[in-house]
Amino acid sequence: MIQAHWVNPTLTHVSGDESLITQWRDFGGWLWLDIQGELNGNAKSLLQTFGCHELALKDVQRDRHPPKVEWFQEHTFIIFRGLTELGDNLNFKPLQLSLFVGEGYLITVHSRPSLSIQQHRERQDLTSLITNPQRFALSVLHYSAGLFLEALLSFDSDLIRIEDEMLEHGNDQLLKDLIRCRSQLRKMQRNFNYHETLANELITLWDDPEETVELTHRLRDLYDRCERLASLSAQQYEICGDLIDGYFSLSSHELNNTMRILTVVTSIFVPLGFLAGLYGMNFDYIPELHIRNGYFILLGAMATLAAAMIAIFKAKRWF
Amino acid sequence: MIQAHWVNPTLTHVSGDESLITQWRDFGGWLWLDIQGELNGNAKSLLQTFGCHELALKDVQRDRHPPKVEWFQEHTFIIFRGLTELGDNLNFKPLQLSLFVGEGYLITVHSRPSLSIQQHRERQDLTSLITNPQRFALSVLHYSAGLFLEALLSFDSDLIRIEDEMLEHGNDQLLKDLIRCRSQLRKMQRNFNYHETLANELITLWDDPEETVELTHRLRDLYDRCERLASLSAQQYEICGDLIDGYFSLSSHELNNTMRILTVVTSIFVPLGFLAGLYGMNFDYIPELHIRNGYFILLGAMATLAAAMIAIFKAKRWF
Amino acid sequence: MIQAHWVNPTLTHVSGDESLITQWRDFGGWLWLDIQGELNGNAKSLLQTFGCHELALKDVQRDRHPPKVEWFQEHTFIIFRGLTELGDNLNFKPLQLSLFVGEGYLITVHSRPSLSIQQHRERQDLTSLITNPQRFALSVLHYSAGLFLEALLSFDSDLIRIEDEMLEHGNDQLLKDLIRCRSQLRKMQRNFNYHETLANELITLWDDPEETVELTHRLRDLYDRCERLASLSAQQYEICGDLIDGYFSLSSHELNNTMRILTVVTSIFVPLGFLAGLYGMNFDYIPELHIRNGYFILLGAMATLAAAMIAIFKAKRWF
Amino acid sequence: MIQAHWVNPTLTHVSGDESLITQWRDFGGWLWLDIQGELNGNAKSLLQTFGCHELALKDVQRDRHPPKVEWFQEHTFIIFRGLTELGDNLNFKPLQLSLFVGEGYLITVHSRPSLSIQQHRERQDLTSLITNPQRFALSVLHYSAGLFLEALLSFDSDLIRIEDEMLEHGNDQLLKDLIRCRSQLRKMQRNFNYHETLANELITLWDDPEETVELTHRLRDLYDRCERLASLSAQQYEICGDLIDGYFSLSSHELNNTMRILTVVTSIFVPLGFLAGLYGMNFDYIPELHIRNGYFILLGAMATLAAAMIAIFKAKRWF
Amino acid sequence: MIQAHWVNPTLTHVSGDESLITQWRDFGGWLWLDIQGELNGNAKSLLQTFGCHELALKDVQRDRHPPKVEWFQEHTFIIFRGLTELGDNLNFKPLQLSLFVGEGYLITVHSRPSLSIQQHRERQDLTSLITNPQRFALSVLHYSAGLFLEALLSFDSDLIRIEDEMLEHGNDQLLKDLIRCRSQLRKMQRNFNYHETLANELITLWDDPEETVELTHRLRDLYDRCERLASLSAQQYEICGDLIDGYFSLSSHELNNTMRILTVVTSIFVPLGFLAGLYGMNFDYIPELHIRNGYFILLGAMATLAAAMIAIFKAKRWF
């Protein structure tokens, strides 16, 4: 699905299909070309008319190419990780968003619907954005990164709740959630690191002190957001790991207590049980059985033994 | 709540509301504008008259923007993490403190009361600080960082006490405290790293060998404090982790000892109990029961068995 | 086994044995020399006629020299880790691939068959590649790295499956697989880091803005792939470790539950068993045995004891 | 306590109290001023006559300021971590040592006695050191760092002994020692990192190729020692951690063995005990009890059962 | 023991004692001076005649000075970690090797015999090496590093074997070996990092594009080897740690299984044993004992109970 938006030199905004490209070439103005879906032969040759390099097109076609920015003579080529859907619990449906940012045009390519492109299609200031392709591209990336940021910030409060519950009374479902989120964060972190590098390189490539007064702070704004995502996801990744370790230490402390109870019970009753078994034997001649008050003497001995055991364990500070 | 302090060219200090701004604009001198509370439309348009950039205002309005410094033509824009209240045990109430430091004016914005702003309002040298907005800003940041430093230094002695108690006789409350403090330190550490970077960038932006003789060492002083916070919190974070791991190793050593006791008791008494049970059976014909002194022979055999068991465990150095 | 490909100045492609070298020297054009097998004296002196340095030849002969690029006056010398066979589960048969990239010639040396060389021998555009030795070399390296990339991407989905199975119902085979793959990834990671550095150095050495318009993006393409391998293998290595740790924490949680069951069963039945043993003794005089309904009173006492035990464990939230 | 050493232009060494300062100011030469104890108002105003900056004096007064070097127009200001006493087992009594190194004078400030200052007071070459304040300062720092180095080197052999004992037959005292030393090393490491940075900055500040031929190698000597402390303490910190982890793995292996013994004993004797109990019951009619040789048949069955159990555990390679 | 080798200007090689130094000073040529044993006063003053700096001599005398390179006007001073003996299992006898590399002379100092010096003494090309002191020094270092490399490469296959055995059937001897090797590798790694830095600095100091065509690739060769040692030992250190952790996770998994067996056996037989004990009591009146077929009813109840237990554990997927 190819959608074109043409803002002609008199700032009239026309949207339609790829036929607008010819008008843009003939009459000038600015163009936003949005290509959604697999990159078929048609779309590919269309992109080649914009001077898109064969290697860039290959990168566009890979579905999980790491985010990057590459400078070509005709345009800047950007790959960004966007979102097709925002799930709960860090379960995103990520999406590869490719952008070609040239003089007078912006081309966006994505195989599935993108939340960020969607939002921009409905913006009030779309016309003005189209007339400034670099700022338009930054806006798309900034919004896209903002969706991830919302998700991380909401996970931040989840994490506080998980920490409280775990210290209060841990269970294995919490642990499994933490393990899953940790893997998820590790993977996101890698993308966010690429985004941070990308934003940094865009500053180097695009920030021209004479021309781009307007762009300077937009670039910094994107960088701030990307850096924040990288640093926040790294923090959350480590806190997940620390909580897993911490819960594990607590478990181990509790195990120790459990085993002490078991040992105390066993140490007291197994010897006593043995004694009882002894005098339950049917030997012809067991003299103790016939001692006067033998039973009470034995009970006394057993009580003494039990008391001694308890005293020993008390001395060890086991309870 | 907007509070203005105007020091006019004759060094008279007048404090009042925003109407002082007009006088400052007309007669010159220096201005400190302190805005507390949510940034409403009124305050926002006021800030725009000072040339505050739309993106800076957005940053001011986010409640947990990472600390940063950004250079605008009219002023330097700083976001710092301050404090609204200093709790125990690393439980702060943090606060976002935004500063615009221009020629002749300092604007501070914070949504809740700030301990640092509070302290400066009551300082003796307030008039002289207002006449030097950069130094004033540094002073606010330095005091703010100092509050965190006090908290960390006091946690340092807590940590020594916790270490001693844990090695002496650990319990799960100590462990839970360590786990909580570790998370807390991980989060603070991220802010302190931003502060360190921020102080470093301020040195680059503001340290002008010709004009700022006075500022040079103030900048270094702020950097020293921020770096110290970053490095001290990193150290405490790691020591917390090491203590959690260490306690865990100790637990595990103790568990081993506990289980050895259990195993020894079980290994000695369960076989003996079985023998006793054997001769408690009611079979018509169990020849051993009728052997002369069978009971004493069995007792002897049991004693031998127990002694053998004990010898084996001794040989294994289990106790 | 020495195989030579000569593309003469009229772009005719001739393939044959080393005798083509003389023709190339006499008539010009481009040469690809592929040497497979141990580097014997013959091949070595052949290489010396191309000005290969004694130290470079020593590096070629070591079987596991770390990947590197070294610049000699006559040519660039590259060592790369290629593949002889692509196994399952990250079990590769790696291969040392040495390249000498000169003006007008490419020499490839490998002791066993290389998948990448194999593929290039059968390519449609072989003739055109031979006429551009640098691009040819990049293509060989790019394809070679691509084989590793396929393997890592397929391990990525293995990892997701392993994570799911482990959280669902772990077993020691999964754990052993993870341990093995982790070691394997650690080793691959080192090679991939060398490849990343190597690609970076090639950009520095070969990227000449005036001559190499064509090469610039090929070099970046190789770098992207090498960087991706390094960063993906690092991520997978860490996720393996996190899963091993996570499974371990889960195990420990389950152990706790297991031990609680054991402790509850023991704590209830061992004391009861002792009581039963007590009244199974054969003392002449045990008054309780003759109390009316003594048996039922004891049963009641036992039930009370058991109920009390259960109440205690419930209060501890053990089940 | 203020002690002054004045070496006049004719190289006569006079030592006395602060009154020598006036003579030094009047007649020239070189001065070493050593101030021990809390920095009172008197000492403070004395330092101000040497142009010491208010912020430097504040740093001097904090008791645990991180080591640093700061350049002032009149002098270089250095804070170093020295020693007041050298204890066993990494238990130092550290001390803050502040130095002002100017043209013709060295001022040292410390709140308690410093081993390094003490040693220098008694040195043969004190006079010659005083005439070269920079070299003198380096010598004080070098000696001070040397005391730490001795301590670390002696801990190195402790560590080897601990490793051997732990692998031979670990106990919890060794473990507690390791945990304590690890915390201690973590703290020292931070100081040593500051010292390394400090030595590096001194090289940048003081190493002037034309004037300081003599100083160049002294600076390198200090740097070598500081770098060695940083890298050795980092190594020892990590080895402590590795030993704690390693001992823990060993514990866990032993626990496994302990539990196997317990399980084997329990699995064999508890079922046998149950069988014995079964035939100890007093039911009116238990046919097996009256079978001819019933007892021996049961013994046989029990032996078979036990043998089967042992065979199963053998097959599992449990012993 | 001082041994001198003099190659005079006519390339005649004379070896003898220190008296050759005078001849070298008088007639020119090249000198290799090898000093073995403690550095006594005689040797020290000899070295001073070569302009060796007092601080360099102090470094030579310390027995475990970290490897380093320092540039003096007369010569380059190098400290390297060599070998006196090559043991098994990473158990080396290291040795401090000091070199002074000047115009026309190489001085090597070592307190015990060095394998590398030994090997060079017997080399065919010794004369030609002596005439190029820098290349000679590189050759000594390269050979020395090569001995460590051999050891690490042989440990690489040990590590694969240990991994296999551990996953197959771990035991505590393997674990202890891994713990020891890990400590050993941590220490070696520090030296190898110093060597890598040292090789890098030698490239900066000695690689002069105009004069040292020959040296360039020798320097790179040394760097490659040192870098490889650093990176290989780091890899092995981490793999040791991963195996220790992995074995520990496996142990823990097995412990879980062991404890489940114990719990199942206990949970089934302890309640049954209690029931048997109950009906073995000697109360006057226990009605169940006189029920017709009471014994068989009880057996049925016991079988049902046991089956229920087994069903519960099956449902929990415990076996």
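Should a chain be cited, it is by its letter among A, B, C, D and E, assigned in written order, with residues numbered from 1 in that chain.
Throughout what follows, a residue touches a chain if its C-beta (ideal position, glycine included) is under 8 Å from a C-beta of that chain, and two chains touch if they have at least 3 such contacts.
The chain lineup, named per UniProt: A, B, C, D, E = Magnesium and cobalt transport protein CorA.
Predicted, not measured: the structure shown is a model, and the values here were computed from it.
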A correct list of chains touching both chain A and chain E reads C
For chain B and chain D, the contact-path distance works out to 1
Comparing which residue numbers chain C and chain E contribute to their contact, where sharing over half means same and under half means different, the two sides are different
Rounded to the nearest 5 degrees, the rotation mapping the CA atoms of chain B onto those of chain C is 145
Dist(centroid_CA(chain D), centroid_CA(chain E)) in Å evaluates to 23
The distance between the C-alpha centres of chain C and chain D, rounded to whole Å, is 38
Among chain A residues, those touching two or more other chains are 245, 248, 252, 254-255, 259, 262, 266, 270, 273, 277, 280-282, 286
Contact graph of the chains (line, ring, star, complete, other): ring
Starting at chain A and stepping to chain C first, the ring reads A, C, E, D, B
Chain B contacts chain D in the complex at 153, 163, 167, 217-218, 220-221, 224, 227-228, 231-232, 235, 238-239, 242-243, 245-246, 248-250, 252-256, 259-260, 262-263, 266-267, 270-271, 273-274, 277-278, 280-286, 317
So, in the complex, the side of chain B touching chain A is made of residues 53, 55-56, 59, 64-66, 68, 70, 72, 169-170, 172, 175-176, 178-180, 182-183, 186-187, 190, 241, 244-245, 247-248, 251-252, 254-255, 258-259, 261-262, 265-266, 269-270, 272-273, 276-277, 279-282, 286, 289-290, 292-295, 298
